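Supplied in structure tokens, the structure appears directly below.
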């Protein structure tokens, strides 16, 4: 590690879009061999900055200096040749192609006449996959891989070039703990080779585990760089949102009512097996587990979108047959789905229309939709959830992630459900909005809703839940009350280790963990 | 004939046997038509052809339809050559484009008879005979009808058949050439295609009516389009005194003539057309002498002489 | 998510069966082939099979290029009109007085001009799609009308006839046991198969169609890439127009009507996704042959033309349905 | 994600252009033709064109509904042939009212087949309706035996009212076209059913997650489309007092062009009925205007080509806030 010249230096980067100044003179530097975390709320300009770095956008002003040499990168290939590699947050893979082709996408090795040099390609990729401890080969097709493995393919791209700078944009969003360990090892290897790492994540614990320094962006400006060792979450948060946030475990004693939902022996093929639990009015029941543990599929089954192969669902004391989302809604179940853009919202419709969609049949005046009725509902939940939109006419695609999520939550609250299921309530949402949504979930429980929260973030599930159910490979491994849960026993439960682990006794599917 | 189709379609064996039997004692004649179903003329032709073939127990007919597509027609000619039929009758989708296929048939020793509309002159050496109406003459007849009706003076519009098809081109040419020659006082203000389609022709005529304050006559490539034009003129209240001349007299045209709304047309019977074609082909196979241009008669039909003709069945 | 549990359960299948599962259309081709071999006397003749090859080659050539464009996630509806334009140009130009004393060499500038026109129309479509960002369906729907208009304006609604019989002799000639046109088709199919499966451009075709964002991120120049594929389909539409006109020794302005629909049908039957990213030439060949054999076989069986339309339409939908059934994920799937 | 949320600040002028671009284009277009041809803007000509556009217009309304839900219907052309042949043929056999009834039922059945295949079996709509295009054409030919059909008694039948008559001093086809457009506009824009169509077209997955029966919605759009074809067939049959088997050939693409010109997105979820009406009128006036100016028939196709691309380009460009696509 030479202290003299930073590997990457950004000097006064400005990038504007019509009507928006996305980056307003951002400057910071990344030293060789350091992990430099980049933090900021959604909309703070992180992604724009990364795209500038990767050659996808051209800055309007300012300059990028790599190893002391100012560079101009007109496209991603030029960026790569300058040693700057961006690992995308959203999977950037072509499903029908092989692992090797995806890793070298845009730069397949050539022989004469434009033919692909398969031998060299596969050799190089095999080496990289070995390094990453991947259990699939270069010829494997992407569409046969799990999301976590796809993420590993994405990460493998970091190793294709003699990189000087690798930018990781939310790399752990869908990684299992084992894979996270591999990733962090890789990052340390890169560090040892003198590569500078820019690490973007919303997950504080990761940032404090891996980074050397932290830079914070807010509203397109650089708010400061901190030495990780000399700061704490609170200080970082204050830089990010201008105030501090408490993020503690839930200590409330729930005031529970009757059993709103009881599930007995519910199974759905290989997805999940023999699930049984009770959910009472007035409590938040957290579901924690790895991606692929079957939690989302369980929620979709309760919402009538999958047909269970065995088991019973009891709603308000009587057995319910739920064979469609229409039926689920009629019986008082609401689901805030995992992916708000793909499942939660019609992006081409406005805020109001999205919010009233499930009950549009009941909002009529004569044959027509009642304009007043709709606006009344929208106004009510806009105020209650503090949705920030210029008007109900705004198309939801132009809202921030947090406000979009609130529209989805509002849409389902407006149905006055008996059971509210919320799947990944804060995925991809910035810290400030996160806290608001957490408070909201707690409030809902207090006001008598039966709430089921599915989350992959441990702090979140600890923060909002009265009870927690841990799932591993399609089975419930353990149930905790807020009093008995701690981080250790929860991690053990979702990895199939420790007491009460059903997963060890009879794993479903032969997937080796 | 039809029986054979169903049999062949259901059981493979029966098809094989019948085909084998057919070749032993009867003559097999294959026909590929232009586009059956596009108008009643072709459909009636097909029906008449099949009836005529069934009536003759020595004839086995293979009836195909090109659906208006030249390439498909060529494929069908190839298929017929492949089946070693005794003669091929072709209703060309295009007079020029089928010539090489006809040449192939000729090289394979299979006599070819062209029906309804002729092929290009370059192909004459490969065919035995043409059987059908003379479209150029028909166009000329129509020109004469128009000329008579207008007393050699007036402004007319023309609605032609589907662009690119021989019949349409020949009738237009026959009409225009003869009109210029027989009555220079009648001028064609504009020509637009009506695609053999009554509704299309009606639309074209509606636009003509807007565009031209004075239209003395309308010539249409067939009566189907002619009646469309008449419809348009009637709707605009301008049909009185306007002369409508068509070709290929259709039942609707015949009736309009009966009502005195339609001046005249060319009487062309698809039944005659079909019988003539089949007879020509049989004669060719039997080695009899047939005229190279075997036209059948297509007389003028007007309000005056229409009683001499029976109402067309299509 | 579900894959985590389900990957290892895929049963071991024999190679041939797996191949068939990837290209179900070839199973269908085999079935109709066997059916017609028994059902009609003349189907299973060398001569007839040669005919089938020549007859399919027109649709087949265009389908090769269309496969590329459709894997890209685009579509080209203007191929039928482009075919007519190329055919008309070629047949007309060889008769120009300038080339009168060129002998058979007069074919050369004519054919080149025809092919160039096809490539130019392709390039125009491609550039419009690239630069305006308008959906290829719309761009080429417009071109389908417009280019047909150009054909009629250029030909003045007339057919052209190739005075030089060498032209139509070429269309009727054979190389060994195979008709020349079939050989051209087979050679082109092999070339495009190699292009798609072995070259950088071919692999990028899948990337652009499968995940355009990823392709852009990876630095593939998506716009020019798509233009190249449009030019390829334009080239093949023109080539098909020329081979078709050698069969006729002539061209007509109505040539190639509805071909776009049959080409797309063949390509989709062959397993290419309309959304892009998936497909291959082997499947496309199966799709083209399926339609060609059905048409030829029904001709030989003398199925009346009216019924042919119904049968073709029904089979098309049935094959689509079967394909869907083969690719079903089973009971557990999300019911949307 | 600052970059992707920026379009909410698009300037007002471009927003207006984006929303009303097609209307502005239409007005400019009319003025242009009006300047070069003195016959073009006469009431007589305007009425003629609207009347002629009614058949395509009525069909385009139905197809708009299908496209809004994210699908295509290419079978409308053959369906028009089928319906017209049926209603004209049955007119003389059963009488006008039963003929209309039987024809509508039969046409709705075809729509139901389309709807079942696309809505419930989830087959790709482009290919399904392409297959149906061919199959219905065959069925029509089999039904009619390939012959033209005519109504014998053209002068006294009340069936004439639909294509030739007048209602309230306006030609019936115009009244039907504009009336149906108005009704469908209300249905699509202001009823729960319309909202469901937009939701299914905009994001079918989210629609199902919102408790919308996507299958039924898609199914129903094909019924609407078939019904519109039935109405168009009544106008056509009455106007011509006869029909032939290929009368609707090629209409599917003309109709689709009109829908596209109206700015309806082929991806579904965006578009309106009244803009489709404008699209229909533009197509009608292109044809009419060029004919009045004495251009050869085929010139209109070339002009249509250019107009379609320019119109959609304008639309797309205004939505993204820049003229050229940013793709490298």
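Order as written gives the chain letters A, B, C and D; numbering starts at 1 within each chain.
Note that a residue touches a chain if its C-beta (ideal position, glycine included) is under 8 Å from a C-beta of that chain, and two chains touch if they have at least 3 such contacts.
Fair warning: this is a prediction, and the values are worked out from it, not measured in the lab.
Colleague: Report which interface contains more C-beta contacts, comparing C-D against B-D.
Modeller: C-D
Colleague: Taking the mean of the CA coordinates per chain, how far is chain C from chain D in Å?
Modeller: Each chain's C-alpha centroid was found; their separation is 29 Å.
Colleague: How many angstrom lie between the centres of chain B and chain D, each centre taken as the mean Cα position?
Modeller: Taking the mean C-alpha position of each chain, the two centres sit 34 Å apart.
Colleague: For chain A versus chain C, what separation do you get between their C-alpha means, in angstrom?
Modeller: 43
Colleague: Can you compute the centre-to-centre distance for chain A and chain B, using the mean CA position of each chain? Integer Å is fine.
Modeller: Each chain's C-alpha centroid was found; their separation is 71 Å.
Colleague: Where does chain C touch two or more other chains at once, residue-wise?
Modeller: 152, 216, 221, 305-306, 336
Colleague: Pull out every residue in chain B that's touching 2 or more other chains.
Modeller: Residues 36-37, 163.
Colleague: Can you tell me which residues of chain D touch two or more of the remaining chains?
Modeller: Expected reply: 141, 146, 205, 208, 297-298, 328.
Colleague: Under the stated touch criterion, can you name all the chain pairs that qualify?
Modeller: A-C, A-D, B-C, B-D, C-D
Colleague: In the complex, go through chain B and note every residue touching chain C.
Modeller: 4-5, 8-9, 12, 15-16, 19-20, 36-37, 62-65, 67-72, 74-76, 78-79, 82-83, 93-101, 103-104, 120, 122, 162-165, 169
Colleague: Would you pull the chain D residues touching chain B in the complex into a rising list?
Modeller: Residues 39, 42, 44-45, 48, 51-52, 55, 141, 144-148, 150, 152, 164, 236, 239-247, 288, 291-292, 294, 297-298 of chain D touch chain B in their complex.
Colleague: With touch defined as at the start, can you tell me which chain C residues reach chain D in the complex?
Modeller: Residue positions touching the partner: 128, 130-135, 137-139, 141-150, 152-153, 216, 221-223, 261, 264-265, 268, 274, 305-314, 316-317, 320-321, 324, 336.
Colleague: Can you list the residues on chain A that touch chain C in the complex?
Modeller: Its residues touching chain C are 54-56, 75-78, 80, 86, 88, 90, 92-97, 101-102, 105-108, 110, 113-116, 144-148, 268-271, 291-292, 294, 296-297, 300, 305-307, 309, 324, 473-474, 508-511.
Colleague: What part of chain B is in contact with chain D in the complex they form?
Modeller: It comes out as residues 36-40, 42-44, 46-47, 163, 190, 192-193, 197-199, 202-204, 206-207, 209-211, 224, 227-228, 231, 235, 250-252, 255, 314.
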